[in-house]
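Below, chain A partners chain B and then partners chain C, in two separate complexes.
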Partner chain A sequence: MIFFTCLCSDGGGFSSILSSFSKLFFIAGVSSNSVGNKIYINLNETFPCVRLLNATHQIGCQSSFAGDVGVVHLLESEENLDWVLGSGPNPPYMVILESTLFTRPIMMKLKHGSQRVAGVVVVEPTTNPPDGFSPHTSCPNENTGVYSESYGPSYAHCNVTVWNPLGTGLSYEEFDFPIFSMKDSNDTEVLRRCYREHNRAVNGSTPQYPLCAMQLFSHMSAVRDTATCMRRSEIPFSLTPEEVCDPLGDENVWASTKPLNNTAKGHKEGESVVIAAAKMDSRSFFFDVAPGADGTATGLVALLAAANALRNATAELNRTILYTFFHGETFDYIGSSRMVYDMENNQFALDLDNVHSILEVGQVALGSNSRLWLHSDPVSRRNSSVNVEKLASNLHLAAAGLNISLEEPNVTQPLPPSSLQRFLRARPIPGVVIENHQASFTNKYYQSIFDNAESLQLNYSPNLTAEEQLEFVTDAAKNLTEVATAVARGLYLQAGGHPAGMNAVQADSRLVRPMLYTFLVRGKNSWSEQLRGQSSDGDVSSFSSEDRPTNFYIGVHQQMSEPRFMVQTILANLTGTIVNVTKENCQKQKEDEEDVRNKHLYYYQWVQGPLRPNSTERDSFCVRSGVRRFAAKSPAFVLREYTS
Partner chain B sequence: LLACFLADPAPVSAGLGFLTTPDPGVPAFFWLVSLLLSSLVWFISVQISNKESAAQQKGLLIFGVVLSVLLQETFRFGYYKLLKKANEGLLTLSQEETMPISIRQLAYVSGLGFGFMSGAFSVVNILADSAGPGTIGIHGDSQHYFLSSAFMTMAIILLHMFWGVVFFDACEKRCWWAVGLVVIVHLLVSCLTFQNPDYTATLVPAYVILFGMGVWAFYTAGGSLRNLKLCLTCKDKDFLLSNHRPR
Partner chain C sequence: MNLERLPNEEKLILCRKYYLGGFAFLPFLWLVNVVWFFREAFVKPAYTEQLQIKAYVKWSAVGLLFWVAVLTTWITIFQHFRAQWGEVGDSLSFTIPLGTP
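Let's look at the complex of A and B:
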């Protein structure tokens, strides 16, 4: 399955609230002049929901070409919907929802009343809803995992365990009107006041013009499904070829404990590799908003810290560990499906015969009870050659002496949605997924805008400065350090390390803290700045992650995504070694003038380094690591088969 | 929106006069230049002023308006001088006894040109903003903004025409007090707009002044009640005769 996103030529929609036809207006994106300012109010912090396509459907929302205009109506309750759908005298309406009313029943009713509904605006609350909220499906990636009619049919389609019981599936519905989210700020107050003064029907009377109204622009060019859209984008003999949609994609990042020749693709004789995997993307209902705290960041940080913990122990291992960070797993396993495809077609530095086992780190935010669960695939386990028990016992050994417990669930259940499933589709490989839930997710905000620092209880006292917050030891950081240590030790044992040397492997909480802060609170801070570099093929200035948490959305393949850039940078610094190479040579991927060999084995990055005290200068240096990237775009685009 | 033209019922037929006089584009250009100069001065003074102080900005606006009015009247006078020179030149060339083009026609056209351009500038921006789904009022401003702008613009266009007629006539007769009065009335009308958004206080005096200027211009151009009656009942012999003049 492939996912597309369609972006209109200006890269997404923007909202304007306005009053229409002798109504009063709010608008966004209009030039500021005094008469215009008397008519329109621009809304700034808004996020649209966009059109996405897959092989068979289109999902998401869009507006008409010139934007959609409707009379503002603040929905007070589900019964109040009747005004919008039936009795209101001035359709179409622009429905403003508080987030408690953004539920499936209400949205479905609005969807079916689409003649009278011009659009929907959801007001983002300042705190997370306590009962949980997940617009994702209740059985994520159910058609692209390993379980199907031919493989473990009793486990397919979440027959045994519903992984995401709170999932409403709203993200996968198709809407014909624009839906935007708005932060609860001054503009929202103006909107509410405007509604109360002009639009509210008092005692059954009809509100008189002029009325308060809103205009939302989020026109999308893609329709129908992937095959249709690709065909339209590739119309030949056109003087002005127009791309109406772009494939979702970015790059996966991998690094190995032993240098592997990346130019020689295909099977590597004698290599037996343990893959340590994590995913680095997330999504929400709205475009370009994906805080992904429990869902993505915890696993990511744990694996990064584990990679750092093992950097000095690699000499004692007889198997290579391959740290792999997959992108696009949220959208039917874009990254892992591509890796498996590349491995099967000798496009990757290794192939599936080289893979010994797989350890995946999933959602590992610890609640009050510090228990983690080891999930494995019951179907492949029955095969005696697939030795999951060794992996599980290594992990149990690894967790001994730490404050967390690693257990296996006591019922036979399938694997949760994980990259391991795509590997199992190719061949049976022993693999374990570490998660914080025994059966259904404990994450109440899976793939939503609420899966943020607050849901992890990452609380920083407000009187701390940014620097102090970076250093502050939160409970989440402490727990995650323990998890990272367990993962590192487990990998150490699985890769052939001796149990006696295990205790020397320890994750550093001084790295976990700033990593969590960078991903979940503020992307641009002193720690991340000093790690950033300028690579010869990367444009640093296009990476903009400022005063807000990292956006884990994968985006389209032409645009670099934030998490990938950060993971590649952090991984290079955490697993690499500093070498004495000039900046010019470093950026050309060589150690000195005559060097031509090393670029096949290593990746060189010129790192900005820390600020000198009392100065704006930095001590920059060159880091040599085994960090590599490869395309994470669905193989369907390579094969040009869009219907599978 | 554009003004209904009060046909000037002077002996010189306005409609026909329109065809035999120079086009109003030239005086329009003069008005444009005066606007350019005054806005340049205003822009520079705003840049060097204290942008935070609202009182200072308001003061600068008043200064800008006054300067603009004075410049417009100066350019009107300049146009008059230019026309006089051109007429004298034509007179020496054509060896006729009488002036080929009547100063009254030129006055009327000059006023028309000025009014046209002034009206266009006043209204085009507002028209552009009114195209679109919204109307004024989201911050509580009055609903009558567009309507009042339209009426005010109409008044100003007509006033420019009347001022043109009176001004040129006063310059011909060397009646400098009349010239001064025209300038003062122009200043008055422009400053009336500072009373917006109290539209009644702006529009009513403006229309009173319009009526007054209209009457003054009518009498200056040689009109009288008798002329008016004859014209309206189509019995004006001079008018009918001038229609049959061979080309």
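Let's look at the complex of A and C:
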């Protein structure tokens, strides 16, 4: 098992253009008298690539401690690389790549010529590349899934299906120079002009000084692998104790249709739960940028809407449904591996014996054909006690009458990368993963900066105001509502609901629209503001993303991640009930002064509520729900065994 | 301290002190001995104590060279191989560089 667990960053990085090596200064309209401002132009809106460690390797980028300086060179084509790597007279060069040139062959050549390369800057285009782009590996989470030499060896290492054929694996390479991404804006124009005027070689002549240069800072403290790094962070008698790296992690969120005592851990007699799972994280090549539209947000929104659709039907179910949202699945299943570990060690409210079946919602953005596929594990299916057929037939029944068609891929096809694989590693459990691809991903931008609203064709007409955009009915929202309804009905049937009552379960598109908008376009809007909670110390925790889509990156465990906070808040509001409790009691997790029982069963959240008309006051209230959180940090950090 | 003003016996006593002190893992005392008493031992015209001072200076030089050899070897090995020694290297280090192995 390899855990992508350790993130190292020294507070991110920043970049600036140094205008010349000689005494000339670059006029950029800055009227300050500071000498620094006369020499440097600071570049805003840049994202570095950072170093990550796992049990055996380090990946990502590193700059020197004082930053790397190089002469700017705008790469015009792959042949032009020769200037950088061989013939250019002023190494080291700072290579500016337009996004069409950010390919594996070019990056590998730069990596091997790194003596002459001081760094790379990739210009982010304004539209997605039509041919697709994925810096992730072609076989995601290859070594930490269920298929291995001992379980379905013919399915291991993507022998049967290469899930991410467009994957170049760039995110998992190691570079010893800094790589930044820059938005295509005025600063980029300044950069290009500077290159054309000073650095460009015309007609075979060598460019003379003064030349434009650039400096990039992104020094990373951690090195080699997780074990080394954790050891160095924990030196007992050091004069200069230093945290050299932090584990990746955050929290998973779960909620149940029936209140479960969260304080009593371990097996619960008589409970048989259906786990409805989705993941809530994503990544890209660059740090803290992870739009994750098809890869993450679609499944997430579908499950949230399904949870809401089932809120009134829970009385008719004889099995409990456990909605679980895993964090960190991108990095070798951080969240689900932790949940399985907790369940095996009686650290969770249930254990694996309580789990009846698992339904996972994966990438569910519907293309033009509205087909979804029910993936299952061929190895566990051979075991007659593992009843996947019932789950699949319930889903087929659920989708009847809806505008989507559910099909099953070939029986010999293994499971795609999914949280279900971690559960199967522990024991055979019937499970189905709903995806929009039959074999390889249809998502052309898997785990990249381009997996955004545009790739889902979530187009809002520009003359709509933010409020109108929130309400606008997009095709993506309509499709996703159908998917959510199918998921909800499928869960209803699997949890023992009667088919006659199925049609009453319907996902609400008035919720799907603002959820998609919040996750993919703008995180802070009137809908999300009214759901936001206030924690007991009065701090109105911010959704933090203002004018931009949600950043689905898991980040380090000390920092709250946006998607987890949003999911927790949305889930509480969508599955909870409003109770008449004062703000003080609500924040202390009790319904009245003497109440001590309810905090074991429920979670109370004081919600801001909607704005009163013509005022800035809000009608706040208390929501009681079964939403819980638990740590999503790899079990390796609990066991302190970093080498497996 | 000006050696010119000292009587010869005291020069001998000083030289001996430094020589003996160097055995307490203090090679710098031997370095000082060699540098300071070099003139006294080899350049000045002969006097009674000079023979013994000469001996002390010579043996201090030998000890010094031995230490230089040992330290140079160890420092070279450590700087070269510390990164490869993993945990042992880290536990031997006072400060560990950031970002490089």
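FYI, the second predicted complex is superposed on the first by the 610 of 644 C-alpha atoms of A that agree within 3 Å, B and C clash if a C-alpha of one lies under 4 Å from a C-alpha of the other, contacts with A are read in each partner's own complex, and residues count from 1 in each chain.
We adopt the following convention: contacts are C-beta pairs under 8 Å (C-beta built on N, C-alpha and C of every residue); 3 or more make two chains touch, one makes a residue touch a chain.
Model, not experiment: these values are computed from the prediction.
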item	value
Chain B versus chain C as contact partner of A:Arg548, first or second or both or neither	neither
A:Val244 touches, of chain B and chain C: first, second, both or neither?	second
First, second, both or neither for A:Ile39, with chain B first and chain C second	first
Contacts of A:Arg232 with chain B and chain C, given as first, second, both or neither	second
Touched partner set for A:His219, first chain B, second chain C, both or neither	second
Which superposed partner A:Arg510 touches (first chain B, second chain C, both, neither)	neither
Which of chain B and chain C A:Phe65 touches, first, second, both or neither	second
Chain B versus chain C as contact partner of A:Pro210, first or second or both or neither	first
Which superposed partner A:His57 touches (first chain B, second chain C, both, neither)	neither
Chain A: partner with more touched residues, chain B or chain C	B
Doubly contacted chain A residues - partners chain C and chain B	none
Sites on chain B touched by chain A in the complex	125-126, 129, 132-139, 141, 143, 145
Chain B contact footprint on chain A (complex, rising order)	18-27, 33, 35-41, 69, 194, 210, 212-213, 215
Residues of chain C touching chain A in the complex	86-87, 90, 94-96, 98-101
Touch list for chain A against partner chain C, complex	10, 62, 65, 219-224, 228, 231-232, 235, 239-240, 242, 244
